[in-house]
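Consider the two complexes below, in which chain A is the common component and chain B and chain C are the respective partners.
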Partner chain A sequence: MAGEAQEKEKRKMKSAKKMRDIMTNYYIEAKTAGETGKKVAWITSGGPVEPLIAMDVIPVYPENHGAMIGASKMGGELCERAEELGYSGDICSYARSDIGCSLVDGGPIGGLPKPDMLICCNNICGTVLKWYEVQARYYDIPLFIFDTPFCHTEYADEAKKYVRKQIDEYTGFLEGVCGKKFDHDRIKEVGRLSVEGQQLWQEVLDTAMNKPSPMTCFDAFFFLALIVTLRGTQETIDFYRDLLEEMRGRVAEGISAIPNERYRLLWDNLPIWYRIKWLSEKFASHDACLVADTYTSAWCGSLKYMDENNFLDSMAEGYTRIYLNIGVDEMIKIVLEMVDKYDVDGFVMHSNRSCKPYSLGQYDIQRAVQREKGIPSLIIESHMVDERSFSESQTETRIDAFMEMIRQKK
Partner chain B sequence: MEVLNDFYRVAENPYEYSRELKKSGKRIIGYFCSYTPEEIISASGVHPIRLFGTGGDITLADSHLQPYCCSLVRGALEEALEGRLDFLDGTVFPHTCDSIQRLSDIWRLNTNFGFFADVVLPVKLNTESSREYFADILKKFRLDLERGLGVTITDDKLKTAITRYNNIRRSLKALYEMHSKEPGILSGRDLWAVTRASMIMERDDLLVKLSLLKEALKKGGRSGKSEGKKRLVLAGSVCDHPNVYTIIEDSGGVVVWDDLCTGSRYFEGTIEENGNPVESIAARYAERLVCPAKHLSNTARGDNIVRIVKKHDAGGVVFLLLKFCDPHDFDYPYMKEFLDRENIPSMLLEVEDSLPSEAQLKTRFETFIHML
Partner chain C sequence: MITAGVDIGSITAKAAVIVDGEVKGTRVDFTGYNAEQAGRRVLDELLKELGMDAQSIDRVVSTGYGRNSVKFADKAITEIICHGTGAHFLNPQVRSIIDVGGQDSKAMVVDSEGRVRDFAMNDKCAAGTGRFLEVMARALEVDLGDFGAKSLKSERPSKISSICTVFAESEVISLISKGEKRENIIAGIHDSVASRISALAKRIGVGEPLMMTGGVAKNMGVVKALENRLKMSIEVLESAQVNGAIGAAVMAARL
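Right after this comes the complex of A and B.
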């Protein structure tokens, strides 16, 4: 028994505590913004946060909060509050739980600080537009919509011009709400930090190319919070540097994320937040490590379009061409690259009823992976933070059958 | 009113009609949603028809789309994969909701109808740059059409098309207004067939038939009785179920106006005829009643539904929502709240690809209508 505990201790991520501390401090600062006179903006997870940081506005992410609600298994209860108001149980469970939470200040941290403004970028979905309209009415505060035209097959010149113009409208909006001039020097620095943070995050994820992998995608789901919420700060860079060092140390010492990595898998879509532990244990019991995912890499996937020396201009393209704002064929290309890059034996797709832009098209992606790479795939259906939608026994049976297929193939 | 038969024939058999049209040498482009700039397609000499879901079972589409995708999107794909749209020479997808957005990708990768275009419209319509972008993207669409179809779309052709569509929209609106004034002149199902056929029929022929219908209505139309019927407004996305109108009428009500994209949202707004034609087409969309997938203001649709009810002296609103339609699902609670504030009763009817049984629907409508 002592040996087992030691084993477990060895595998534990040392950076986890630091990360929790940073996030706790971040939420304390956000929740006491009223006392410090700082403004709070709610912003969508794929939204351009750097101008907020440059203006000393505290960015708060209802989606990150949604993930916390889900992980605390409080999603169902808060979703129900929204449903009582007439919201359909079919819509996004992040939105439902957030709308419910605004009413009762519930959830794991007693609700989010009241926003002074809302920044909605539709590069992740059309749902955020509707959700932020709901909150703009509820809190009666200004809403800025950063409209990033969908890139089915191209990033058209017309879109380029439009998005670039909106960056100036965005900074103008912030000047109005904050009552001060936009700091063009500061944004250069924030932009540089943002790009560096994204590069480090990609390097952290890349360590999963090692066999055995020092981390799983479930770890990535956890460590993701900083690149989402505090992108553009030195703190994020310092943290990811340490995390990268820890991962590299693990690789050097041969510490794997799961005890016996025999099979390597790729995850698609958002996490099922209330089942992270269960799923990671379930797969580990089959000696399967989910080494990578299409979700957490979305926060560094458009680095190729970003220029740290010309941040504001290049962020237009960077934010418009993120993973969810591109056509299914381009997604297929990225998934196929990931299959090779991380050398995986199988593909696990979360068919997420909460997220249509991520989920519709999955069947075509699944077929392409099957055709091009010949690896088995599995589809698990749920609503990402509404635990009422999850069937454990059904999922378990399907995972077992899927792993049996993988075993036979390898 | 014999002219009604022509509308019914087209509305109920749109594919048959399209195939006949095709035989006469017309090229046909199918489109989704009322944000498609039909004028530009029409000016290219190609005939635009709107695509809807399917009346039949959905099987082939199931291997591309999850069951939690709306029946309109799944049904449209089913029609394409089943080969029932073989008369199409192309398809156009304007950017609206997340589901249509992904349908466009799946359609592009799995079907082959020749011409294909995404018209990636802005989602907000209330800023100068978004309106400018709207016009820019329509100009791009005009070039895409010219290149893809090997045609030239001159300003003159665009102006002719704009006049044609302004006339169609004015006529449809006039019919709605005549019907709102005297609901007995046409049944709800008649009006459904007329608007539906308007999105399918050869448009010059349509204009002739619309004016014939107007003349017939001036002479009294169906001369049905509508006294004592409760006046209602129907709100939602598309109405694929003409039975809804009939059952409402059998239950003592009558739909006098709507906020549907196969209804008033299709015909509201006139295009300026003397300006730059493409910019004028774009300008109409910024003025027109907004679909929930677009942003005009935080309260545009709530304010509007109240305005419609008051203007048409209606007693209540029936929300007809397609299951899994996110944009409408998000708007429903606040629109209901706006109505509640004005003491305007409303009821919600959520439908999948088929309606609930007639008896069940009748009971629900009767209960609602008696309450008014």
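Right after this comes the complex of A and C.
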């Protein structure tokens, strides 16, 4: 037993505590903004946050909060509050739990700080439009909608002009709400830090190419919080530098994420936040390591469009061409590249009733992966935050059978 | 070598004993409240029938939803692998299997060695399962065992459009109140079940020779409706319901 405990200790990620501390401080700062005179903006997870940072506005992410609600297994209860108001159970569970939380100030941190403004970017889905309109009425505050046209294959000139123009409207909106001029020098610096943060995050994820992998996608789901909430800050860069060093150290010392990595898998879609531990233990019991995922890599997937020397212009394209705002054929290309890059033996897809844009097209992606790469795939049905829709025994049978199939094949 | 397979489903518990590559006997009981006891009981009763004692069994594999509750088993293996193995053991030509049990339906594609290459299962919904048929049998006051024969007499199957068990039941009740013939309603129910199952079977590309296993395979009405939907002929063996247990016993011999 002592050996086992030692093993577990060795595998523990040292950076986890540091990140918890950073996130705690971040939420304390956001929740006490009323006393420090800072403004708070709620923003969608794929929204352009850099102009907020440049204006010293504290960005708060209802979706990150939703993940925390899910991980605390409080989603079902908060979703019920929204359903009592008449919101359908088919609506995204981030939206439902956020609306429910606004009413009762519940959840793991007693609710989010009251926003001064809302920034809604529809590059991740259409639900956010209605969700943020509801919240704008509820808090009686201004809402800025950043509209990114869907990019089936390319970023057309019309789209380019249309999105770029909105960046000027966005900075104008911020000047109005904050009562000060937009700082064009500062945004250059924030842009540089944002690009560097994304590069470092990509490098962290890339360490999973090693065999055995020093991290799993479940670790990535956890460490993702900073690139989502604090990209564009020096703190994020410092943290990911340390994390990268820790991962490289693990590779050098041969410390693997799971005790006995025999099979490598790729995850698709958002995590099932309230089942992270169960899922990671379940797969580890089959000696399977989920080495990469399409979700956490979305926060560095636009790097190829970003230019730190021309940040505002390139940001328009980068934010428009994110993973959820492109056609299924484009998604297939990305997934196929990941299958090769991380050299995986199987593909696990979370068919997420909460996130329709992410889940639509999964059968096509699944077929393409099977056809092109010949690896088995598995579909798990669930909701990312609403634990009432998860069936453990059904999921367990599917995972067990999937792993038996991979074992028979290998 | 003597091996046993124990398949604990949501409604029934099944056991099979294989002696030197030959099925010696099988048995079906209700699962009831306690899955572990059900497994013990169905195997003990089978051994008693065969005049064998528990000590003579070399290895046991458990399968089905209650597989992890069967503590006396040497290993638990999912019903997907066991049904694939069982079907291949009974007919090595088989390349696709559709298994419909009490709480789920699944389709599998196997290779020439009986190894599962791909599978699909119903989503978390009772439509297209044995439980769906049970609910309908209760609403119609017809013994589930008579469902198959009755539906084959239907002249004009009713249309059951809802895929939700609860809503489909109210559709059935409203058809009853309109005086629709039982045969037609039952045939409609079978077609509804078949449409769910054929969708998932097509998704993984099932092909002939195709075998159907699980308790629902005993219902010829569902089998016929599925054949129509898939435009394929379906083989159903006497042992369809115990196929998973047979597969588990085969797997036990390979441990």
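Quick note on the criterion: the second predicted complex is superposed on the first by the 410 of 410 C-alpha atoms of A that agree within 3 Å, B and C clash if a C-alpha of one lies under 4 Å from a C-alpha of the other, contacts with A are read in each partner's own complex, and residues count from 1 in each chain.
Quick note on the criterion: a residue touches a chain if its C-beta (ideal position, glycine included) is under 8 Å from a C-beta of that chain, and two chains touch if they have at least 3 such contacts.
The shown structure was predicted, so the numbers you read here are calculated from the model rather than taken from an experiment.
> According to the stated criteria, A:376 is in contact with first (chain B), second (chain C), both, or neither; which is it?
It touches chain C, and chain B stays clear.
> Based on the superposed arrangement, let me know which partner A:92 touches: chain B (first), chain C (second), both, or neither?
first
> Comparing chain B against chain C, which has contacts with more of the residues in chain A?
Between chain B and chain C, the winner on chain A residue contacts is B.
> A:28 in the overlay: touching chain B, chain C, both, or neither? Say first, second, both or neither.
Neither partner.
> Using the superposition on chain A described above, determine whether A:408 touches chain B (first), chain C (second), both, or neither.
Only chain C is touched by A:408; chain B is not.
> Looking at A:131, would you say it contacts chain B, chain C, both, or neither? Reply first, second, both or neither.
First partner only, chain B.
> Thinking of the overlay built on chain A, is A:393 touched by chain B (first), by chain C (second), by both, or by neither?
It touches chain C, and chain B stays clear.
> Which partner does A:363 contact after superposing on A: first (chain B), second (chain C), both, neither?
both
> Is A:104 contacted by the first partner chain B, the second partner chain C, both or neither?
Neither partner.
> State whether A:252 touches chain B only (first), chain C only (second), both chains, or neither.
Once the two structures are laid over each other on A, A:252 reaches no partner at all.
> Which residues form the common part of the chain A surface touched by chain B and by chain C?
363, 381
> Of all residues in chain A, which touch chain C in the complex?
363, 370, 376, 379, 381, 389, 391, 393-394, 397-398, 400-401, 404-405, 408-409
> In their shared complex, at which residues does chain C touch chain A?
It comes out as residues 65, 77-81, 104, 115-121, 123-124, 203.
> Looking at the complex, which residues from chain A come into contact with chain B?
Touching chain B: residues 85-88, 90-92, 95, 122, 125-127, 129-131, 133-134, 136-137, 143, 145, 147, 149-153, 156, 158-159, 161-162, 165-166, 169, 327-329, 351, 353, 356-357, 359-364, 381 of chain A.
> Going by the contact rule set out above, which residues of chain B touch chain A in the complex?
Of all residues in chain B, those touching chain A are 63-66, 68-69, 95-99, 101-106, 108-110, 118, 120-124, 127, 129-130, 132-133, 136-137, 139-140, 292-293, 295, 298-299, 323-324, 326-327, 329-334, 336, 348, 350.
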